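Each of the next two complexes has chain A plus one more chain, namely chain B in the first and chain C in the second.
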Partner chain A sequence: MNPSIKLLLLFIIALEISFSLIISLNIALVILAIGYLLLHHTKCRTIGWLLIVPLLPAIGLWSTQYINGTGNKTLMAWVLFTRIYAFVFTGATFTLTTNILQLADSLEQNWHLPSKFAYGVLAAYNLVPKIQHEVKIIRAAGLMRGQQLSFWSPKLYFKAILVSINWSQNLAQAMTSHGFVEDAPRTHYRHCPLRWQDWAIFIVGLGLIQLGLFVIPWS
Partner chain B sequence: MKWAKAWQLSDIILIALIGIFFGAIFMGTNYVYDVLTAALAPVGLSGLANELLLGLWCMPGMLAGYMLRLKGSATLGELLAATVEMFFGGQWGISTLISGVTQGFGAELGYIVTRYKHYDWLGLTASALTTTIVTFGWDLARNGYFKLQLWLLILYFVVRFCSMFLFGGVLTRLITDMLDRSHVLKSTHTN
Partner chain C sequence: MANIALENLTYTYPEAQAPTLNQIQFTFKAHQFTLLTGPSGTGKSTLLKLMTGLLKLPANQGCIRYNDQPLTTIAATERAGKVALMFQNPNQQFAMDTVENELIFALENRQVPANEIQAKLTAALAFVGISELRERNLSHLSGGEKQKVALAVIVAMDSDVILLDEPFASVDPAARASLLKRLIQLRDQAGKTIILADHDLTDYETLVDQVVRITPDRHLTAVPHADWSTLFADFARTGQTDQRWRLPNQPAKPLFQLQKVALTQGRHRLLQPTDLTLLRHHNTLITGPNGSGKSTLFESLVRLTDYDGQISYLTDDIQTLRRKRYARQVALLFQDAETQFLNITVAEELAQSQKYAYGDYFTPARITAAMQQLNLTGHEDQVIYTLSEGQKKKLQILLMLIMQSPVLLMDEPLKGLDLKSVQALVTLLKSTIAETHQSLIIISHQLTGLAPLIDYHLRFEQQHLQYREAL
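Coming up: the complex of A and B.
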């Protein structure tokens, strides 16, 4: 399915369930999402991991409503508990089956996002492992001088920004010297078509969520 | 796409890199969040963990708006940080993206109401306040805050603003002061 259409559909679903108070709908979304993930050969371990990770915040939200809520406390507590899982699993159907490269291609080719944004962000994204390493280096360099750089130390962020400025200029130069011209028309090696099937799935999905929200009398 | 013209390739890469760097640093704070949530859950105050740390997570947007001084830089800074986080550390899925939009727009709003002229304490305080209001409005729905007792809502709001002001305001100012003193921004940004 076209990545940007899939993202839009999931975005709308996430927005709508943020305002709904239907527990069964949240659970139905989780089950549908697990089915979709299994169809796409996601490992059971990954799905198990997705069940464990949100448990602590979900319990936190549950207990907040249960102890300090007003009105129907039990209902609201379970709505929020299941809503977190609905967010996580619908989100996983996107992040576990689509990568950022496909999304950037789709946004650029189908929605005319200026190519400098698509490729600029991709260039930065590919440095993620290097960035994690660099943070360790900055911290280690601080320790050698007896400075403990914690997440509230301005110096840690200052050094990270210095590195970012340096790398961003190098990367931009490298891209320009390889023929990348800002705002110039481009041809594409990877094509990302937007077919009528994508729109069909989008409209059906959108219809189903409205059905679940407003028509089906969940008990 | 008039606003896009002001952006250069190196600005876009810079803002994305800063978002990822900050994300990598914040990963080290996850244990603080977990411990606080676990400790406060039995008394039903686990939201405080979120409120205390939220300023930190909103910092990329506020800092980008303050540092780059381009229209849309706060929104874009936070949105890019959220997009990368969604793919990379992404257990929160799509709601990360929605949070990114609300946090970024909240930060931007502070610079909009001060007409992109006050890059001082006024602008920072305005940005901290609007970020607090916009994100709080969103949490009324998403985290079911509208069902909470009033004293708790007020407590959460005040703690959230303090966190925004401390991390997004004071820490941002300390960082940008260091950048000013080192004259690194002169070569990239003239205004």
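Coming up: the complex of A and C.
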């Protein structure tokens, strides 16, 4: 499915369930999402982790609502509990099946987002692991010069920001030297089509969620 | 195809007082291989960046013409087809994640039709001889491999003029020879114009058509052919190919003891389980081809990366030592000088090192003398990040010497330095360690000038790390 349409659909779903109080709908979404993930050959282990990791915050929300809530405490507690899982699993149907490169392609080709923006974000994303390692190195470099840089040390952040600014300049030069020109036409090797099927899935999906929200008498 | 004329070229960095390039008049002829040489910090990088348009030349500061057409009037989209630059730092020239995606990115920018991209990409990788790297992640490649990818991108973009800024500073001889061979092919078969900046003049004499020097007063002059032999002989004479080192005697004081230490990078094994002792109060040189794992070995010695087996420092397993205390004992001189810096100006950096120094050898007078020796006097108030690569390197080494930690691991300390700076540095190193009795472990591809400092030699090659008498 077209990545940006998928993202838009999931965004609308997330927004709508934020205001709904239907537990069964949340559970139905989780089940649908698991089905979709399995269809895309996601490992059962990964799905297992998706079930375990949100458990603590979900229980936290549940108990807060159950103990301190007002009105229908039990209902609200379970709504929040299942909503966390609905968020996590619908989100996973995007993050586990789409890479950032596909999204950038789609934003550039289908929605004519400036290529500077699409590739800038992409390049910054590719820098994330480098930044994590760099922070480790900065702290080691500090220790070797006799200075402990703790997590709240301004020097650590100053240094990290300096490194980032430097990288961003180098990145801009790297892109320019490889022929990138702002707002200039480019060709596209990976074609990212926006087909009628994508729109069909989008409209059907949107319709189904409205049905689930407003028509089906769940209880 | 493209003569490059520099007319009255002057360039001054906004924060600098003196011009980096001064009234340069010069013409590079088409289809020639030109070697651009000169001491570090004299503006070679600046010149190359101006010639690519990465640095903008202010109006009325001269003109750069490609075949009579001023660079400023060449459309931005056409420039990459006219001229391409390979950077000094192999880590700073890619925007994408994998080799393949970087090439696709460049070809799309050049507006190559989608159905031709596949063929051009395959051909460029095959030309440089790195087809097997196609799907690899760029961040997992060695410096030499990255420079090969950078050349493949330039080949794919089919630029008329290829500029290279110290491209071999962290590339081993085998990869360097391979890259040079491709460049000659590009000149002879594709008629490319090549301008390469380098300090290390080894191997160029028979390859290049022209040698151009940046003079101390920031002009360009061609070195007459008659003077070449003297110029290249300087480097040939200092070549260390017949250097011999003794092997360590066994009952010696151990510094590091490696027990069944194995290193891996991703899924790729760098070092087979190895037992080895490094000796205290001696200087050990580690050589080996690029990507063999020398830097990874250093990262494991300072606990920046994981390893299998056990590493002991003096008597203790390094994993049991407190990080803070251990960092005061064993310091690493990073390959990238900027990594070492923590402050903004040169003076602040010097002050920090002095404040936390382990010994008191470096008095203010000795620091002033060392600054003079390294030709850094007068830069005290300069922002570190505006120094040239060579100046950064020299400052970095001085800062770590001032610290006087008992053990200093140096990763390519001579990288990108000219002969004069190398000599100044080695002199400083010698006089310092004679007094401070530090143990140095040095990784270096470049041995010019370094050899007298070395007691033992370790070779890191094909997953093995062993003492050797010769290179």
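A few notes on this one:
Operating definition for what follows: the second predicted complex is superposed on the first by the 213 of 219 C-alpha atoms of A that agree within 3 Å, B and C clash if a C-alpha of one lies under 4 Å from a C-alpha of the other, contacts with A are read in each partner's own complex, and residues count from 1 in each chain.
Please note the rule applied: a residue touches a chain if its C-beta (ideal position, glycine included) is under 8 Å from a C-beta of that chain, and two chains touch if they have at least 3 such contacts.
Given the structure is predicted, the values throughout are model-derived calculations rather than measurements.
In the superposition on chain A, A:123 makes contact with both chain B and chain C. When the two structures are aligned on the shared chain, A:35 is found in touch with neither chain B nor chain C.
Partner contacting the larger number of chain A residues, of chain B and chain C: B. When the two complexes are overlaid on their common chain A, residue A:147 makes contact with chain C while staying clear of chain B.
In the superposition on chain A, A:48 makes contact with neither chain B nor chain C. By the touch criterion defined above, A:193 reaches neither chain B nor chain C. Looking at the shared chain after the overlay, A:185 reaches chain C, while chain B stays out of its contact range. Look at A:207: by the touch rule set out above, it reaches neither chain B nor chain C. Contacts of A:175 after superposition: both chain B and chain C are touched.
Contacts of A:94 after superposition on the shared chain: chain B is touched, whereas chain C is not.
When the two complexes are superposed on chain A, the residues of chain A that touch both chain B and chain C are 119, 123, 155, 162-163, 167, 171, 175-176, 180.
Note for the complex: chain A touches chain B at residues 7, 10-11, 13-15, 18-19, 50, 53-54, 56-57, 59-61, 63-71, 73, 76, 79-80, 83, 87-92, 94-95, 99-100, 114, 116-117, 119-121, 123-125, 127-128, 131-132, 134-135, 151-152, 154-158, 160-165, 167-169, 171-172, 175-176, 180, 182-183. Those residues of chain B that touch chain A in the complex are listed here as 1, 4-5, 7-14, 16-22, 24-26, 28-29, 34, 37-38, 40-47, 49, 56, 63, 67, 80, 83-84, 86-88, 90-98, 141-144, 147-149, 152, 167, 171, 174-175, 178-179, 182, 184-185, 188. Listing the residues of chain A that touch chain C in their complex gives 101, 119, 122-123, 126, 129-130, 136-138, 140-148, 155, 159, 162-163, 166-167, 170-171, 173-181, 184-191. Of all residues in chain C, only 49, 52-54, 76-77, 79-81, 84-85, 87, 89, 92-97, 101-102, 104-114, 117-118, 139, 153, 157, 302-304, 323-324, 327-328, 331-332, 334, 338-342, 352-353, 355-357, 385, 399-400, 403, 405 touch chain A in the complex they form.
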